[in-house]
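Just below sit the structures, each encoded as structure tokens.
Note that chain A is present in both complexes that follow, paired respectively with chain B and with chain C.
Entry: the complex of A and B
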């Protein structure tokens, strides 16, 4: 068992690491913008998560295998560069959408009268885990390439979809209550 | 007019578009180009004289918009191999020389304006990137062809 000072030290190191990764991710996103097709999404108000079937496609090894059958180093290089940019853009979009979801959630909880502390804590922890995963993915995609981090990306996407669904459920319940109280 | 009453003619117009026009087009890539060409560059609204005459212009526009988005999402979900095949069908059906079309597409990237409005940005990036790769693969195949007769 570790003592409180050690736990605090470990916690601080983890937090610093998290901030460093997040900063690295933001820098990578900045570098990504001028090189790519679609402007990066700084307007968080409407950004949605990418549907899971396309996430699987972005990180799929199938396309990589198809390109490698050509045995052309130029084509393989082009594929790696293109897919890396798409994957990085996906991570950026996911983290932007997650920030939007959590902002909406914070606004919704302000109006809610029966908050469950355990549920809220769990949601905040899931959000923190997801932001950490996004930062990790930014680094991993740049260093190892999208195909090698497929599992992590799919996991992050599943968790993101779950968080989005939880927020949507809360929104529906809050809207239902508002309607009920307005009509009674 | 209720939402359901509005939806029914759009669905009918969509079915009509599917059976009369889109089913006669050789592949999804060609369908995407065709549907994008019915959209006004300035306003983003869709026009189709025949469909507007059978239904109303706004109903025809909505049906075209839905069809455009659906074809786009279907194409974006294709594997690279499937997209290369789509490009082959498109080139085969075009009356121009394949190498000319490939060169023009690589230079001007006309497929960029074939993207519907308000689609998921990550999917748009994936699609554009895949088309670029499919073109590069075709170009490479053409260069290899004389070497391997």
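Entry: the complex of A and C
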């Protein structure tokens, strides 16, 4: 029923996952210490998503066109380099914020009694899509520059904002339910 | 000769594993796992006895015992799910759904296969397929453990790790053994049982003594959170004061 390629694929995936489980085992215990659910001043991992107006601006060709009117190749080169760095920083910031949102979400839902399979699956798929988009954007910015990937960046940003909002709503509902059950 | 050596080593390691299990009272915590070890401990000498003294019955006895062993080992997968996700109802719910999907796919594939396959195929092939289903179930569980950052205690991690490695190796060896002929077939026939002592060593390392699963803490109480913010603010104010004094002094 299963052929050699399927067996090899199954075996390889399993081996990699088990190695990851073994490696993670030692560090997982440290993650159990109580963690605050609000951003503390010392929390360096707390990165928020960039406002959508900034994203439109970073990837907009307007600035580039304006700089090119100066007829200075050096200035143009400097602008392109700087803008590329800003765009890459945005991709990095977005993926960090997404990881934080998802970590927060999994920490909240793993102990939840009323988790919805469909909603959870949808969130995981959106997260996977966003992480894939971030990787693609990183490569595209490096090769083609930020101006050419504006549409993709705006789409990724819209999806990120939606994911963040969904997680925030879920947190509010869970907190409300916990508060209600504690007071009754 | 090599097969006998593997059997002797395995029996010795299994006895040690059971001894440690009873001594550390791990048998009551992980009954399915120790039942499996106990069964394999009986199975090995039984098959060896049949092989030596009632040789014509060896093949049916071996494959019947092996099939029962696969069924018993399903208990280990269930135990990993049950003990590992005891404190995490949300992840347990996801695991039930995901495992349900995995088993439904396996069942659908089995039903879609030609019914004659079950009659005509070898016992090795059937075992390989059952192990593949177990492998898929273990993959699903491990993915959920990793995704939801569910921490596993040393004992349970060892059981999952050892059993996962055994299933992984079994799937590969049994598939190769049933798909190849000649020397390769013989080689994989040896490699399959040879992996078992290695797995037993992994288990021995992880379940030598009792280590409970880490218990998750609840949310941080408000007072502690306030104290953390106050401490950080105080430290930052001190830093700023120091810099100010330095700037005014220079």
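As a convention for this text, the second predicted complex is superposed on the first by the 139 of 184 C-alpha atoms of A that agree within 3 Å, B and C clash if a C-alpha of one lies under 4 Å from a C-alpha of the other, contacts with A are read in each partner's own complex, and residues count from 1 in each chain.
Here is the rule we go by: contacts are C-beta pairs under 8 Å (C-beta built on N, C-alpha and C of every residue); 3 or more make two chains touch, one makes a residue touch a chain.
Computed from a predicted structure; not experimentally measured.
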item: Per-residue contact with chain A, leading partner among chain C and chain B; value: C
item: Which of chain B and chain C A:90 touches, first, second, both or neither; value: first
item: First, second, both or neither for A:58, with chain B first and chain C second; value: first
item: First (chain B), second (chain C), both or neither touched by A:117; value: second
item: First (chain B), second (chain C), both or neither touched by A:107; value: second
item: Touching partner for A:13 - first (chain B), second (chain C), both, neither; value: second
item: First, second, both or neither for A:68, with chain B first and chain C second; value: neither
item: Chain C-contacting residues of chain A that also contact chain B; value: 36-38, 41
item: Touching residues (chain side chain A, partner chain B) in the complex; value: 36-38, 41, 47-48, 50-51, 53-54, 57-58, 60, 62-63, 66-67, 70, 72, 74-75, 78-79, 82-83, 85-86, 89-90, 93
item: Touch list for chain B against partner chain A, complex; value: 76-77, 79-81, 112, 120-126, 128-130, 132-133, 136-137, 140
item: Contact footprint of chain A on chain C as seen in their complex; value: 87-91, 93-94, 97, 109-110, 113, 117, 125, 128-129, 132, 135-136, 138-139, 142-143, 145-152, 154, 157, 160-161, 164-165, 167-169, 171-172, 175-176, 179, 214-220, 224-225, 228-229, 232-233, 236
item: Touch list for chain A against partner chain C, complex; value: 1-4, 6-8, 10-11, 13-15, 17-18, 20-22, 24-25, 28-29, 31-38, 40-42, 103, 106-107, 109-113, 115, 117, 120, 124
